[in-house]
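In the two complexes that follow, chain A is the common piece, with chain B as its partner first and chain C second.
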Partner chain A sequence: MRACGRALIVALTCTLLALGITFVAAPISAQAMTCDKATARPNEDGGSGVIGGETTRLTWEGTVESGEDVTKVTLTIPDDGTFDGSTTRVTVLDGLTRMSVEAETKTSGNTLEVDFSQAIPEGSLVRLEVTNMCFPVEGGDYAISGTYESQAGTSALPDSPSISVIANTPLQRAVTWLDGQSWVQAWNSNQFLGMFFKPQLLLTSFVSLFGGWLVCLVIVIVAYPIAILLGLAFAFMKMAKHKVVRAIAVTYINILRGTPLFLQIYIMFFGLPMVGVNIDNNVLGVIVMAVNSSAYLAEIFRAGIQSIPTGQYEAAASLGMNGAQTMVSIILPQTVRRVIPTVTSDFITSYKDTSLLSSVGVMELMMFSKNLTTVSGNITPYMAAAIYYLIVTLPLIKVVGIVERRMARSESGGGPRPKAKGSATPAADPSTPAMASVHCEATEDDGVHGVIGALTAPFRSASSVTPRHDEMGGVPDAL
Partner chain B sequence: MKREDRRFIGIVACIVCALTAALAIAGCSSGSGSSSTTTAASSASADTSSYTTVESGKLIVASDLAYPPLESVPDGGGDPVGFDVDLMNALAGKLGLTCEYLPAQKFDSIVPTIKQGGKADVGCSSFTITDERKEEIDFTDSYMDSNQGLVTKSDATATTVDALNVAGKQIAVQSGTTGEEWAQENLPNATVVPLDDAIQAMTGVQTGLYDACVADLPVMKYLCNNSYTDLKVSIEIPTGEQYGIVVSKDNPGLTAALNTALQELKDDGTIDSLEEKWFGSTM
Partner chain C sequence: MRSRNKHVAMVETPDALPADAAAAAAFEHDHVLSRHHFTPGEHPVVRIEHLNKAFDETQVLKDVNLDIWGGEVVVVLGPSGSGKSTMLRCINLLEKPTAGHILINDVEITGTAKTDVNKLREKLGMVFQSFNLFPHLTAKENVMIGQMKVLKKGKAEAEAEAIRQLDAVGLADRADFKPAQLSGGQQQRVAIARAVAMHPDVLLFDEPTSALDPELVRGVLDVMRDLAENGGMTMVVVTHEMGFARDVADRVVFMEDGVVVEQGLPENVFDHPVNERTAAFIGNIADA
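Right after this comes the complex of A and B.
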């Protein structure tokens, strides 16, 4: 606040001074050179702000008004901003045509002198691009002032529109500290390490990619439940008796599985606005991911449901259950167990595929890392993005592995079984319907427990669920 | 247990592979030049030192090939065409090399590709010579002047910098271009959306997904006149930027040879005739 106030006072004083000088020094031509604009290139990693004390590029444009030839321009930035170590590109334009003008530049502290080899005629646009200059560390709103020389002598330049500069952040300070470390320099001097794992960039990448990572996670976490419901619906539709219903499901699934997700994204993102439907990019991203996944999930669910042996249906029927009851309490719980690894794999795929959304402007992980790589010309932001992807996928891959192993054990008769009452085995056919009856009993007892038990069984260790294969003969759920 | 063993072996194998790759890359970079082919400079640069190319007798060019009339792949595929393409062919001819284009590269990946080396000798994709890029790679002398152009729909109401510099406005740009930098600096309140190529940006403006796009003026003019007739160049932005060809800093001989050849093409009027051919007038 106080810095702002001070900056304002400084700016005001400068303006007053400038006005004063103008009146004193150039009484004939009131304002012979104007400043059209001054902008600075954002140098905040992953952000759009200009940070003080970090190198940036200043673009200053001024026009030579009528009745004047300009031979020299001097720019000044306030306080401890510096032009030292900067390079300047000088462009002089007549309309859109570039004029061949040579210029010599000299920097000293907070002033920059540009000496033109020939006088710049009236009506020309002078464009100065000062690369690697620094604004003051404290931040604030800074206007570029200065002077110019013409035949009439030296006159003051009007102040440029002010440029907002953010004070240096802890992150930037950490980066500056890393810059100074000898081990960091040694590390970066190896071309491979410096290009792929530059410590400074890794640090800033992690911070600025975080938002993109959240977007990825939110998209897939919101999309996935929708995809599961849609997938289940289409799985049932594909197994329906009605030919038409089946045809709809088959078309939906085949078209979505038969075309690349990338293409679907393009169609949705460029197609919908064309017919006047404008949906927020992130919401549309969720929709595309959900619809795409639903087709794969539908196939996974259908295969899962159809892999349950007919014996289970017969057993349920013999207990007097109707179709819906059989599905909800007998078939689905077993299906869920079987499809967990495949669904998790599909979830991993979906999560990774959110990266494709970057091509249509969704600000997710890939987009942020791409931008950062563009700005830095270094691969490190991609490596940071890879780490962000792996944080989620590696544990899930591990889970799939565990579940698959447990399931393999249970399929071969060694796995966990939901608890059953001692005399549950029915007399008729002791091998096949055993499972059904066990489930049935459990459902009768307390339905929730049975279902949850079935769902969580693969995650529990075998010892926590008493193996009863000795009694039940290890029902093989032949796939 | 067995499966775990196998996985462990897999991990070890992966680490070994990664290390080998790392060593290979590091080895290549440190010993660069020793193994690549050395081509003696031809007539164009008889006096300057020799240079190396990735493949002997060839000048391999990386370009995004989606920037008509400077570089593009004609409808239906085939060899790339455009001002830059003709220029590179003429330059390669002067050097006694065969010009060969890589398949379309992402614009923002070309400078890193040239810097890394091993894939292409030069990048020629309407690169503006900037001091930032010069820190990474070398530029040849400039071969053409350019400006920026901002394109909107013909019937759009927001067509000025003030009208577009508003929160909620979406400005499409090509990632890594000077157009992107212009939009970031001059339209800070709007959302700047970096895309892979200029065609995508134009399509987005046409469909109404974005409010405007910013890219090099010659390209914007050409696209508005030929393919996107319902769009127009609303703002002609005088930047006076200059195009140069990107060459690795490890290959100064090639830069020098290209500069000599470029001067010859300027002197014998080839560049003027190419500008006539592709832009209808000399620039």
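Right after this comes the complex of A and C.
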């Protein structure tokens, strides 16, 4: 994943900094025909790069050294390149005078033969301009090689300086296309839009950040089940009869909740190597996230369990159920339903908090976007990162709202009563007034207010941990 | 049993009587007070002897003595705070008595080990004022869960029994409804079915209709009446439903301030109360 990310960054750097063609000094040789120059005309729309698989014009220059005359030149480019369909213009300069030379060109795949009608005398410069040729699609640094023919027979041409060719990916094609669009140019000419939402960069960022996004997701998806189990364990420990067990749980929970996650990350990532414990960054990231979340989840679970009215325990006990049966069959199923919104909110927080791991070198979304912004000097990669976070969080925020709404309906008896005989008057239900208000809010969520509802939902969910004794088991004792 | 709670003043109570002597004494005491048809040598199902219960410093039950006979319906009356619920909850050990004895079928339950408590509660059904149905389960599942977890019945068997009991309370068509989809009266009837499905020796009702709208009370009382008259169920019912007490009760017990003040046949207690506080209470209820 890391190597892939690097490659993408490299590719992007090339595009952005427009390092189309690099010249590499040709080795000085005593050959009879030298290659002085090989360049390709940029074919990147609005840029200065050479893109593989797209037609370009190759300019190749060589000089015939003393004691030779050349009758034929053959150029070869790497396998996937092609000269098919190209046309070649031949110019021969003897000093400053232009010689009129007839030439016949033959193309076959990646070779080009230029047969001169007369021998090119020594000291002459041969310039071949080959239009409509293509470099290999996959890009890279390519040197032009080949052979020439003289009276002495066929000899190899020295390799030309290499030409950097940008890989022609669908992404590159899309960027190229965007470069050429007038609306994109207009968009980017606005300072704000160009700095925060540059379309080309947004596109390339999406691709480059994908790996980091996966790292975030994997970290939180692996960490969270561990956090849930740990959280449940500490929740029970905090409710245990044994004082020492309770004290351990309280200490664990309070320390983790009372210190910043950022600090916990630093302590673990810098502390463990100091004492010779070396754990893979991603694994350690999972551990830190799991441990941190478990403290919050322990409190959520404890509050959830304690919000189940005592009537439920008494009803189970009066049936003869033992403690474990009561917990497993009666209390936990109800707790799960109650804590789903809060746990989801906590999951959202954990997912966002994986960004803190960028500070210790975990290659997650934030890290990638920071790198891209550094390279491009543009804020757009951060915006792309924001979108990656939102892709996950917005639906979950919506889910929280929906679950809360459904719970409010089904558990406080405010839901529709199939085949209701009109027997239950609102007055019979002590929680009716509260219900009604939740209901109004909930219906507002639909339609136009969807996004606003989704965004405000987590704040509403904050109240769901607080015990609502009147919600379950019907009517409370104190009427 | 002696109290080990250091906050509570120790109440000295005599040991429980031997079963036969207790039964004989109970018969001597109760046979004129109850409509119950006594059989020779019968032992009471529940024996409450010198029951004391204190919460912190407050003595809530003071030397309560009461015997309940198999198939008998005992209605407990009394003003709020008199300790009716506490007494009922002591019988199935939802509250721990501070002193005295409770015996179920001549077996002392006070001071039993924890596992025995669960075993004991199988035999003591309870119906709560606030229904306390399990909201995540359907009506049918509410009735099934105790049978499956406690009586270890198979699913099919438990389900058949659940349908039978729901039918008996007139809710067969609501079997798959969640409690939230049922009216209060329907919920209470499901709660009764849930308790009856365990085939308890004694059913304890703590103000089963107090949380209900007046028009829903009837249905629940009818179910209870049916249980008493046709089911032969032994029932201890704390209620303010005087009509039910008069018609269905074999015996009415009046409690005040943690003491059984008066008990007897319903017509006697209602029409000729001996104790003036009983008279005042019944008068108040009648006025209301």
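Heads up, the rule we're going with is that the second predicted complex is superposed on the first by the 242 of 479 C-alpha atoms of A that agree within 3 Å, B and C clash if a C-alpha of one lies under 4 Å from a C-alpha of the other, contacts with A are read in each partner's own complex, and residues count from 1 in each chain.
Following the convention adopted for this analysis, a residue touches a chain if its C-beta (ideal position, glycine included) is under 8 Å from a C-beta of that chain, and two chains touch if they have at least 3 such contacts.
Quick caveat, the model's predicted, so the values are computed rather than measured.
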For A:T393, decide between first (touching chain B), second (touching chain C), both and neither. neither
Contact-wise, after the overlay, does A:T111 reach chain B, chain C, both or neither (first, second, both, neither)? neither
In the superposed arrangement, which partner chain does A:Q312 touch: chain B (first), chain C (second), both, or neither? second
Considering only touches as defined above, state whether A:G320 meets chain B (first), chain C (second), both or neither. second
Applying the touch criterion given at the start, work out whether A:L96 contacts chain B, chain C, both or neither, answering first, second, both or neither. first
Which holds for A:N371: it touches chain B only (first), chain C only (second), both, or neither? first
Please work out whether A:S162 is in contact with chain B alone, chain C alone, both, or neither, and reply first, second, both or neither. neither
Looking at the overlay, does A:T87 come into contact with chain B only (first), chain C only (second), both, or neither? first
Residue set of chain A touching chain B in the complex reads 37, 39-42, 48, 57, 59, 87, 89, 91-93, 95-98, 125, 127, 129, 131-132, 190-192, 195, 269-271, 273-274, 278, 359, 361, 367, 370-371, 373-374, 377-379, 401, 405
Chain A contacts chain C in the complex at 309, 311-312, 314-322, 325, 329-330, 333-334, 337, 409-418, 420-421, 423-425, 427-428, 472-477, 479
Give every residue of chain B touching chain A within the complex, in rising order. 3, 7, 22, 25-26, 29-30, 108, 111-112, 115-116, 130-132, 136, 145, 147, 170, 172, 175-176, 181, 184-186, 188, 192-196, 203-204, 207-210, 217, 236, 238-242
For chain C, which residues are in contact with chain A within the complex? 92, 94, 115, 118-122, 124-126, 128-136, 145-146, 149-150, 177-185, 187, 191, 194-195, 198, 211-213, 215-216
